[in-house]
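Here chain A shows up in two complexes: once beside chain B, once beside chain C.
Entry: the complex of A and B
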């Protein structure tokens, strides 16, 4: 029955569904293939969905999408064993239209989003694994699936098959990722009554809070933890680069339990009931790990293209925007009737001109810097905690003497030259 | 709130297990002779891998399909595929 589509999109996550939606809206014949029982059944995210890139696809989506809470407060914790240095921002302007970002539960959100693509005319096929791209004369002309007679053809195949992207690896777009290019993250959804969440996080019903936790949350390893508020549940998770997990011989679920029982965290979860446990890889190699993203008859979007800004925990927005840029490219290629690599390279150009690659480029050295210099998480976070404790403990010591003591203890631990070097190195990595 | 061990965590999940494993340890001898740490038994977030003295037991039914074992195996000794369409883990929430 060789059936031919204009576009086949592999993977109904944020990147794939965005691309399918826009292509379908423009009248293209779109097949969206999902390997899970339903879109979202294989997908995991800490939980922050950004308004801007979603709004470009579905204006005023917040009026109907299954969202949890608009985030009005973002906190950052530098956590030691029995203390925490905190900063953050809370603003009511994020709690009203057009909002800044939202917490979501992906299994619900992804289903709703894929339904939008279907309503626009895309054909969604669930429970189907794409086993390989069909390549003829150096050009991708379709995909082979695990269904009987499961070959389907298209002018363009969009690989939105997630962080593991076996398909782009098969095409030789990238080698196997190294353990320092991915973060292994585990999380739990913990049910907790809405009133308790509102009280503990100082929120109203329709206000959300996110906390990013550095330092002892990963036992000083390169990574972060997070605690996000849903309507009547919390998402708590922790991840480190797979290489750190291996080096330190940590079991990820033990690390999660360490976090959940940490004295700074435990009271916030008290009385909650675990509802789900999830593990996933996050592509965190950044700029240098972005593979080839366009070939003859094929483009790569979202996590499959390593489009994640780990420093700002942005990923779903980059996925969606890359899906949109891929769709624009496919539509233009269709007008030209040219689906060659040089034609589809327009997608690459759009990607590199957008905030996506600009932001990845800005932080291109960050992961490597922090991976190779564990002192930032292992030493400076405890130092910050000690400094704050000393400075705010009233014990009759004049403040100027306290400042001197703090400076002395910092340089004594690391050495003056090293401290200057560390500051310069960190600044260079994120400037 | 009680801390759940990995068995209890896994019990929260829904799996639709395939009859055949999508994970294959290609050569148990490599695990035995070259890999004293058997590091996959430590970092796998679902405790899929258990060393049984002579061979690696692969509890693929509880796999989250994250891909860590494929990338993290120091000897690239794990063949990693997706479970058949519609099978494997089914996340219901996040």
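Entry: the complex of A and C
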């Protein structure tokens, strides 16, 4: 008779590992199944790990986790072909405990995080693909893996199988995603000596910088690019919605090459050696794309539940928090001895009461608005660049006249009514 | 039937980097894995057990993290594992390693008498292939190296029939058990481990022995002290020279390639002689 666990977690990313960790800490019998060679081997993100949600799981994790640099500076670039308008914030308070966020390399971080779950008592099995949920009388009672004698059973199955979540699709929790609900991001890890990184980004050894790049970084398509500093490497990447890529017939690797050779970016990478190339889908449908997250004997967490805030590039923290909420729910359900949908729906309630769904709800129209109104990235970013160039070029024109000229050129390009409409629309989308 | 498989944790030499200054392996640059030949040794033990029944033990010497290769062996199908780990073992060459494993095997043999010992042909980080035969000599049992097939295990007669790889074919050997085999990769294919094995391995904690747990150990024969091997010189073989990258548009590349081919008279002669 195959063994029965309290909980089976499918996927050892931030969501699954968080859930496995908390359940194991409470003495539950947990099986964590990962398809990669080790946790993190298949996981991709730009590279920013937020402190708060991680700290809730492992207090003072920064003392032992494999982190790259605490981020002390966040820059935002509105980039045109040969210029950039930038703003940002740099603060030394982010460089000391308890820190704000960190750059990480997922292959190392996820492995360490999963080790913590194993130390708490979870059983981790790598290189194993869960092919389907075993459903009996409308209830999920376990999973089937691709291994011989591959069935394992549990009171609850936690689906943390990532953006494509074939398992929640199998259960009918969500349909195939539309191309405007997912972004395709490609990135490279570029090795560069620590001293060069410190010089180029004006940093000390244990200080990091992140740059988010809008505008020409995606050739005006809906999306962003990023450049993050690790200890002795840089993460550079770019992502746009799949629909933009299809519409503009762009290839993701061409876009990354374009970015890497952009005159504003190229000098920062000079002399670097490409170490890794990664690509991943990111669920960016937001609030309206969140599927059913609880059923009989099953809950869905992290990317599988589409919990990503694309506007604030938050995802792993939402994944971790959703894993925590799922774990709390499973522990309570275990006390009640009731793993039905109505019992596990507590997870849904917790999720909707948390910052996760509140934030997704706030930006529920943002992606849609920006997708359907390409002028924000295509026209306003170049306009901003032109305006700044004009304003700061000293050519004897009085500043007041310059301001008038700038306003005139903006309204001439878009029309006064449209400009007002654009401002209102953007404000509504992010208010 | 009690089979003991000796396994080693090695850096994955497919991706390891070599320190250009010291010519030594940069062990941090590659993940530690179960020596591939040893994985085939465990798999062969599993295949034999399917026919004869019995128990498979794995034995390894290494740092505490070598527990990982014992767990990997449990995934493949071993029943139990022993890790001998102690600072006194550090720096051992093949002579000292075979002595330490021999002492551990003596102790295992007292617990359950050993019928067969299987090792990989060699470890991919050292490529010496000396530890297996070294153990056999110390135990005074026959070593059979380069095994490509275990044709028959006869429990009544206490014999094994073995195919041994030669440069020009193979030889068929019958050996008395207990004996020691070292296996080639072609002996079998590693099977995809069943789920129950995976769960067992994830939970498994091997028996861990320090030097003090072994009996009648001559400490002088252990570790660096017991290792007469002297590495005289290490060097990276020169990279083969030659090779040229053809660049340009597809048409230009084809033209360049044709020019190069036409220059090579041998190619043309070969073609004309065929015609």
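The criterion applied here is as follows: the second predicted complex is superposed on the first by the 430 of 431 C-alpha atoms of A that agree within 3 Å, B and C clash if a C-alpha of one lies under 4 Å from a C-alpha of the other, contacts with A are read in each partner's own complex, and residues count from 1 in each chain.
What we mean here is this: contacts are C-beta pairs under 8 Å (C-beta built on N, C-alpha and C of every residue); 3 or more make two chains touch, one makes a residue touch a chain.
What you see is a predicted model, and the numbers here were worked out from it, not measured in a lab.
**Student:** Quick check on the superposed pair: does A:257 touch chain B, chain C, both, or neither? Answer first, second, both or neither.
**Tutor:** first
**Student:** Have a look and say if chain B or chain C is in touch with more residues of chain A.
**Tutor:** Touching more of chain A: B.
**Student:** Based on the superposed arrangement, let me know which partner A:147 touches: chain B (first), chain C (second), both, or neither?
**Tutor:** Both chain B and chain C are touched by A:147.
**Student:** With the two structures laid over each other on chain A, which partner does A:278 touch: chain B (first), chain C (second), both, or neither?
**Tutor:** first
**Student:** Examine A:70 and indicate which partner it touches, taking first as chain B and second as chain C; both and neither are also allowed.
**Tutor:** Once the two structures are laid over each other on A, A:70 reaches no partner at all.
**Student:** Go through the superposed model and pick first if A:190 touches only chain B, second if only chain C, both, or neither.
**Tutor:** Touch partner of A:190: chain B, not chain C.
**Student:** Just to be sure I read the superposition right, which of the two partners does A:3 touch: chain B = first, chain C = second, or both, or neither?
**Tutor:** In the superposition, A:3 contacts chain C only.
**Student:** Between chain B (first) and chain C (second), which, if any, makes contact with A:223: first, second, both or neither?
**Tutor:** neither
**Student:** Quick one: is A:128 in contact with chain B, with chain C, with both, or with neither? Answer first, second, both or neither.
**Tutor:** Once the two structures are laid over each other on A, A:128 reaches both partners.
**Student:** Which positions of chain A sit in both the chain B and the chain C interface?
**Tutor:** 128, 145-147
**Student:** Along chain A, where are the residues that touch chain B in the complex?
**Tutor:** 35-37, 40-45, 47, 105-108, 126-129, 145-147, 163-164, 166, 176-179, 182, 184, 186-190, 233, 235, 242, 245-246, 249-253, 257, 260-261, 266, 269-281
**Student:** Which residues, counting only chain A, touch chain C once they are in their complex?
**Tutor:** 2-3, 31, 123-125, 128, 145-152
**Student:** Across the complex, what residues on chain B touch chain A?
**Tutor:** 1, 3-6, 8-10, 12-13, 16, 37, 39, 42-43, 45-47, 64-68, 70-72, 76, 80-86, 88-94
**Student:** In the complex formed with chain A, which residues of chain C make contact?
**Tutor:** On the chain C side, the touching residues are 192-196, 198-199, 202-203.
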